[in-house]
Amino acid sequence: MLSSIIFLPLVAAALLAVLRVPDRVARWTWIAVTTADLALVGVLIARYETPADGGLAFEERARWIPSVNSSWHVGVDGLSVPLLALTAVVFCACAVYGLREDRRPRQHAALFLALQTTCLGLFAAQDLIVFFLFFDLSIVGMYAAIAGWGHGREAGRSALQFFLYTFLGSLALLLGFIGLYLAADPHTFDIPELIAAAPLQDHPVAGGFVLAALLVGLAVKTPTIPFHTWLPPAHTDASAIGSAVLAAVLLKMGTYGFVRIAMPALPDAWRGAAWVVLAVGIASVLYGALVALAQTDVKRMIAYTSINHMGYVVMAVGAAGLLGGGTAARELAVTGAVTQMVSHGLLTGALFLLAGVLHDRTGSYAMRDYGGLARTAPLWSGLFAVAAFGSLGIPAFSGFIAEFQVFAGSIGTTAWAAIALPGILITAALFLRALQLLVTGLPGGRSISFSDVRAVEAVPVTGLLLLSLAIGVLPWLLLDLITPASAVLVDLVGR
Amino acid sequence: MTGLLWACATVPAVVGAGLCVSGRRADRVAPAVGIVTAGVVLALSVAVALGRPATSAPFLPGAVFGLAVDALAAVVLPAVAAVTLLVLVFSAADVSGARARYTGLLLLFAAAVVVTVCATTLPALLFAWEVMGATSYALIGFRWQEPHRVGAGLTAFLTTRTADLGLYLAAGAALAGGSGLALADLPGLPAPWRDVAAAGLLVAALGKAAQLPFTAWLSAAMQGPSPVSALLHSAAMVAMGGYLLLRVSPLLGATSWAGPTAAWVGALTALLLGAVALAQRDLKQLLAASTAAQLGFVVLGAGVAAVAGGTAHLVAHAATKALLFLAAGAWLTALGTKQLPALRGAARRWPLVGVCAAVGALALAGVAPLSLWATKDAVLAGAHEESLALYLVGLAAAALSAGYAGKVLWLVWQRLPADAEAGYDTEEEGTRQVRALQQAPLVVLAAGAAVLGLLALPPVGDTLRQALDGSGPTPGLVELAVSAVVAVVVLLLVRVRPLQPLPGWLEGWLGLARATDVVVVRPVLHTAEALARFDDRVLARAVTGAGRGALRTARAAARFDDGVLDRAVAGSATAGVRLADATGRADLAGPDAAVRSLAAGTRWLGGWARRTQTGQLHQYYVSAAVVLAAALALLLAVR
Amino acid sequence: MLTGIVFWVLAVVAVAAGVAVFRADSMARATYALAASFIAVGLVLLLVDLEFLGVITVLMMTMEMAVMGIYMIMFMGMNPALMPMDMVHGKRPALAVAIGTFVVLAAGALLVPWPTRRGAPAADLVTSLGEAIMESKMLVMMTVSPVLFATIVAALVLALPRGRYDRLGDDLRAGKAPR
Amino acid sequence: MTLQTMLLVAAALFSVGLYGAISQQVVVMVMMGLELMLNGVILAAAAFWWFLSPTPDGQVLLLVVITAMTVEMAMGFAVATLLHRSRQSDMTDMATDLSR
Amino acid sequence: MMMEQSPLALLPELCLLAGAVATLLAGSFLPRQRQWVARLIAVTALLAAAVSAALAFPGGRSRDFGPPAETVFGAFVLDTATGVTRLVVVAAVLLVIGLGVDELAGTARESETYALLLLGGLGAIVLAATDDLLVLAVAFLLASIPVYALVGMVRSPGAAEAALKTYLLGALSGILLLLGATVLSGIAGGTAYVDLATGLAAAPAAAVAVGALAVLAGLLFEAGGVPLHQWVPDATQGAGTAAAAFLTTVPKVGALVAAARLVDVLPGALSWPLLVGLLAAATMTLANLAALAQTDARRLLGWSTVSQVGYLLMPVAVVTSTSAATPALLVYLAGYAVTNLTAFAVLAAVPGARSLTDFRGLARQRPWLAAALGISLLSLVGTPPTAVFLGKLTVFTAAWDGGLAWLVVVAALNTLVSLFYYLRWLVEAFRPGEPAPTAGWAHGAALAGALGVLAVGLGAGLVTALTGDGTLG
């Protein structure tokens, strides 16, 4: 079940790469496959029952490299199911949006289908090598997406920077994985076994180094400051779909790594580093928000808000390592972190797709080139306004649920987390400012002959926003999945 | 009955969202739909006020979405629903263009208010609280074509959201203290967390209620349509700030400082904003300042645990101020101005509007037996019990309210000047007519403004007090008389001696907006820009810095390398000199090298590495010999 | 004693001849000097009872030097007498490296506490060598044969500009195939 | 004649050969330098054999050294010829197209 | 220790030798256009060698260099390492022939080339399998002499220069190796490694250091590691493609296994792991930096080879301290061989292309070839699930386990640097342009190689089972 979900897109990608089908067929195949995969994920969720005693559901295991105790081991729990669903949803939305792609659509579809496999695989991986495999391949795939379909003048350069930077992260990650492997007795790359063993529990120095490697690797991908500098250029030069996938799914790989590997496998070291993680998270929140506030390019602005939003996640997982507060608060923080991953995926995905419409029409992301879009493109404006409000954490959208939990949980653990509160405010300010510049006022500049969103653009965005709305109004649908897993995680970290 | 409560919240939300989404297509039916919905909500709210249901739904782990109607909510909820209905009726005649969006947003707002009033847990409260903020932004910036209106919405939203952060803080504190997120549990928190929670709630409430120092946003918010002001800035949103404090009054009382702080902030706001109101030359600005001042009494009431008085004042003020805002809106639509000088004699043009406005103004002034006279005194009685100073400040504030109310009253009832037309149409094109639909709500509200004082007077007042306070203080006859006399005297005084122009800082709302701009907004923007520059120039090139470092090392290494290869015999002295020289030169070249990217640095290193590949065989031999010798030395040295 | 004197004479000859190789003013003389150095070392081998190997060394080196002379004069068309001999580069680094190497090696030779002799030479050294080659070290000789084979092939491939197809035609029927 | 003295002489021969290998430009002269180094190795091998372990292994080693010398020289001539034919040069300095 | 004297145990080697002789003989009687018969003979010999090597594969009998399971003629170890080396070398030579057919067919020296390839392969196997300094010295000659000839085979000025450089460095290295063998055998009293292990323990450290270092230097030449690496890029650029593919692959396999065997028996008094680790670091760093700005694809691959040797030296450094080292080395060697040959096959498939820009348009015109190039380059970078990733994973693990965590960090950073130039090439292949015409056999070889790269990575369980039965470390 799980393996077929993971590999269905890859098989389709291979077929698309091999068979020279017409462009139309390629586009619709893409949509069909992503929809099918989404349906499969839906079935999976429907049949998902929280496994007892913190175990995994839909577990599959096959021999791969027995000599290093690494196997094709996949399985899901409350932390990964939401992200699997997010991946399927975002890629499906991108497939619809991609109907308008006219540059090598067959290869484009194949590339993104392959990328989907890497993302799904990563979120289901229960083996460090499998995890790393998909982690690295996602970089390669994203590189190809930016370099091949990006539209900035310096797309190649940005792509290279992206590749180098995240590759550096992946290497650091690999070092950390090797450290974990060697520390475990018997040596193993199997994540559940590593978590059960918590190998470096009594080795503070070694544990610290291994955790540092993991943290650097994951922080680059997340990205947190000061490892974020690859993100703005990558987003600026990527295509709309590329940006959406990058922000909505790929960034989650970093934070997912925290909750899947770093926290449970190195509880001792994590608690030791929790203050650092917390500080980095807070700094990312404030810094990302402030720098975003100063941007004049709408896509760069959204990119920086990603740093801010992912900062909430980092802050929450950092707080979860502080034993001072009550268990309930730390569980809430972790639940909030996972919720925020999903929420950010939906909302930022929508925002990037909308920003893509701007570029598609006029070739510019500069906010001062626009104004009064509410008149010429009311639908776009409405969607953008909703997405912006969702993103700045207005209730009834998922962002609020996530941020409330993150803050309540983090502050409930340590009052220092309150320092990050202005991040909410600055985010609000910058989104409202963007709305003011782009949407309101009298039409001017490039807005004058701006044509409103077409169906293929509006449908995916609307879908993402509706999901965000659903989570915002009925959060327990999602939280019932996450909460048991975060309780298990907090328990593990507290060992 | 719980179903009714849910319906009370969801019906306007769903209808409102539907209207917003359907856009211009629904413009024609929107007013009717809105009025019907508001009517339903009013009916439902009366029903739940009588039935007092309590319910909850799963929301977050460990925190339900709790709604309940208690005595406090039972008083406020129908009032808010009624004002909403009346405002919608008025708007049907007053607001043109994009009616679906307008009505939809108003209904969404109403839904949020319903939830706020009934919320029993922090998540539910914050949920509705933030939605109120967002819809208020959208409503203030309703005419988005005009940038300054959107900007005003932004100011309002951001200011109130700043205060809202207190709720996040309170939620964190509640969790940290281990009490769960129910509002009723907060007073039971352990010591430091209880204070944090109280502080958070206090800040959030003061922000929404436009109390000092968050007052400025209310001035900006007057850019919105007048009916919006009537609902948001009198009956609902601003009032919700006071309402929250009334609701958590036990929490305030549980700490030693929160109650007095609230009381004094309220009293001072009442006083200072009263003065501000007195100085205004714009009717809506005057009303806004007055709103802040009147809410000050509510906050004061919450602070001194005079919940019943505060509640009565809240409701009475809602009716009064909605009335006045609607009247101002009617004049604005008809005459195209809200400048006080231009409104001379406006009341005489449409007598019904004028009479209603007069009732409102008199009530605002605290003239007996109109509503605010009694409710205010109920609050002040509580203040008197707390401290005399507080009472006197409150009394002074009451006097000021009589002053500005009188200013408006006498002005609009002056004889219509001959050149009246000259002052019109300064802000928009006036229609020169007030429709029946606009007038009808005024009458209802005027009735309310007149009689709602009963809420603070026996026998109704006693019932209310028993339901809310248990046995709170009641105003003595002397106090009632004193305040009534003060009101009348001040009113007459204003009539006899028209006011001299007051200092500019009063008219400019104490300079709060500018202060916020200077103290908060600009520094933040500067920081943001500085950080963005830092990000672009420094952080993004931190890699460059690394490159530069590598560059220097590489140069030194290269020099060293050449030195060894070409001049193995020249002695270490020369090599040392060259090394130092090279390092020095690299240092000089620093600023130049600073702009290079990492790629350049690494490429340079690559060039150095390739330079070892000279193609000269004898140099390969030498280098092999040197390296092997070094290896030998290493082997023998490190054991 | 006599051995010592002979050794020292031979040692001086070997080293001096070695130095002479690079100080000679013509390639021919350099070749002679190298041969002399080899012969001196071959004679030292005789001093330590390695008659067979010593003789082999002398013979092989004499032959090789002859080949070298012939190679230079006849094959490459150089006139050794006329060739200028100052074709050196980087003399000083070379000298430095050489001196450094010598210092290291000599220091090692003199300072290392060499172990004592283990065992004694076999009575018949040649026989023992033969036995070693045919028995315990058979693989060495088994490997040498492909080395020689490879050397012949490789040297011919490199040295001969014209292969068989140049000489005999593409179908190896000389004269018949059109060129 | 002791082990040390023989090794000293071998070291001298090796170093002189190394000097030649590094300093000479003509390929054949470089080869002579290399031969001289091997000459030192032969002497050292003989010394080790005689003074430390007079086993048949040492003799085989000498044989291998001599074989290696011959083989390497044969290849050297072949390479020099190739260079001479294809570049009309027998100098190592002249062959520096492949660098960097 | 079991001593086996049966020449049948050396059947794969004999196949190679006989194949070389037969190929050469056949070639000298074959018309120029019918030398494919010689090729057929060579391939047959290789296949025979492969089959016999597979049949003789020692299974799980010995995972380590320790006391060998079986030794032939007292100097040829039949253990896992030898078994893997045999298979890898034979497969590599087959692949070299496959990718070289287009280039070599019909040339005047075709059959000689095949014979030399077989001999060079034989040399590499003996080099890797021996545990006797004497055989090591001779095998060094057998492995290097065919390389000189192969480099100079095309007779261009560049090839001649490359052959000269290779030869002169090789000769010096050979002398160093002989010097080292002399010193070591002198102080240990024997040339077999078993004698070294016992004899060197009490021997003076300085002498051990000089001797072992000299032997190591010889092997470093063969492997292409610092400080005797300079010939590799030159030879790769100057030689023909098939020869370059051969010399960047096969000798390294032999030399690195031989170096591992040598380091394994050196006494622990000296810090060999540190030294070899430093040499590894120097090798990979220098090569990666030097490769950065290369514009000639062949030269780039030459430097890439050197850098890979740097990674390959990591397990050699820790061979004494962790049992994971040997399997890691073998895995990496196998992965590297197939990957590197795939890259060369792509080169051979586009014979007209020299500089990186010549590959423009490849993806458009020959998507499969571009895919093969992409797979091989990403594998060289170490992207999962390719062959070299598996190698890097095991090698990094072994090095860390062996106490050289700093070296792992250096290697990781180097990997990052290497990404630059591999990516540059890949990017060119995906740019629009008119590519040079392609050659058929090499095209096939490239695809086969790419499949091999993926197979090694995905079939990692099988590969690691071969190299070290089941448990690593």
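Read from first to last, the chains carry the letters A, B, C, D and E; within each, the first residue is number 1.
To be clear about the criterion, contacts are C-beta pairs under 8 Å (C-beta built on N, C-alpha and C of every residue); 3 or more make two chains touch, one makes a residue touch a chain.
For each chain, UniProt lists the protein as follows: D = NADH-quinone oxidoreductase subunit K.
This is a predicted model, so every value here is computed, not measured.
Both chain B and chain D are touched by C, E. Taking the CA centroid of chain E as reference, the farthest chain centroid is that of B. The chain pair sharing the most C-beta contacts is C-D. Farthest chain from chain C (centres taken as the mean of C-alpha atoms): B. Chain A has the Cα centre that lies closest to the mean of all protein Cα atoms in view. Our note on geometry: chain A versus chain E, Cα centroid distance of 42 Å, whole angstroms.
Annotation: 26 Å between the Cα-based centres of chain D and chain E.
Each chain gets one centre point, the mean of its Cα atoms, and the points for chain B and chain C are 96 Å apart. The distance from the centre of chain C to the centre of chain D, each centre being the mean of the chain's C-alpha atoms, comes to 7 Å.
In chain E, the positions touching at least two other chains are 134, 138, 141, 145, 148-149, 152, 155, 163-165, 168, 172, 187, 189, 191, 206, 210, 233-234, 420.
Multi-chain contact residues of chain D, defined as those touching 2 or more other chains: 14, 18, 21-23, 30, 47, 49, 52-53, 55, 57, 60, 64, 67, 71, 75, 78-80, 82, 85, 92-93, 95-99.
For chain C, residues touching at least two other chains, in rising order: 89-90, 93-95, 97, 101, 104-105, 108, 114-115, 118-119, 136-137, 140, 144, 147, 151, 154-155, 157-158, 161.
Chain pairs that touch one another are A-B, A-E, B-C, B-D, B-E, C-D, C-E, D-E. Of all residues in chain E, those touching chain D in their complex are 133-134, 137-138, 141, 145, 148-149, 152, 155-165, 167-168, 171-172, 174-175, 178-179, 181-183, 185-191, 233-234, 237-238.
Listing the residues of chain C that touch chain B in their complex gives 89-90, 92-97, 100-101, 104.
Contact residues of chain E toward chain A in the complex are 327, 378, 383-385, 389-390, 393-394, 396-397, 400-401, 408-409, 412-413, 415-416, 419-420, 423, 427, 430, 460-461, 464-465, 467-473. On the chain D side of its complex with chain E, the touching residues are 14, 21, 27, 30-31, 34, 37-38, 41, 44-45, 47-49, 52-53, 55, 57-58, 60-61, 64-65, 67-68, 71-72, 75-76, 78-80, 82-83, 85-87, 92, 95-99. Within the complex, the chain C residues that touch chain E are 104-105, 108, 111-115, 118-119, 136-140, 142-144, 146-147, 149-151, 153-155, 157-158, 161, 163-166, 170-172.
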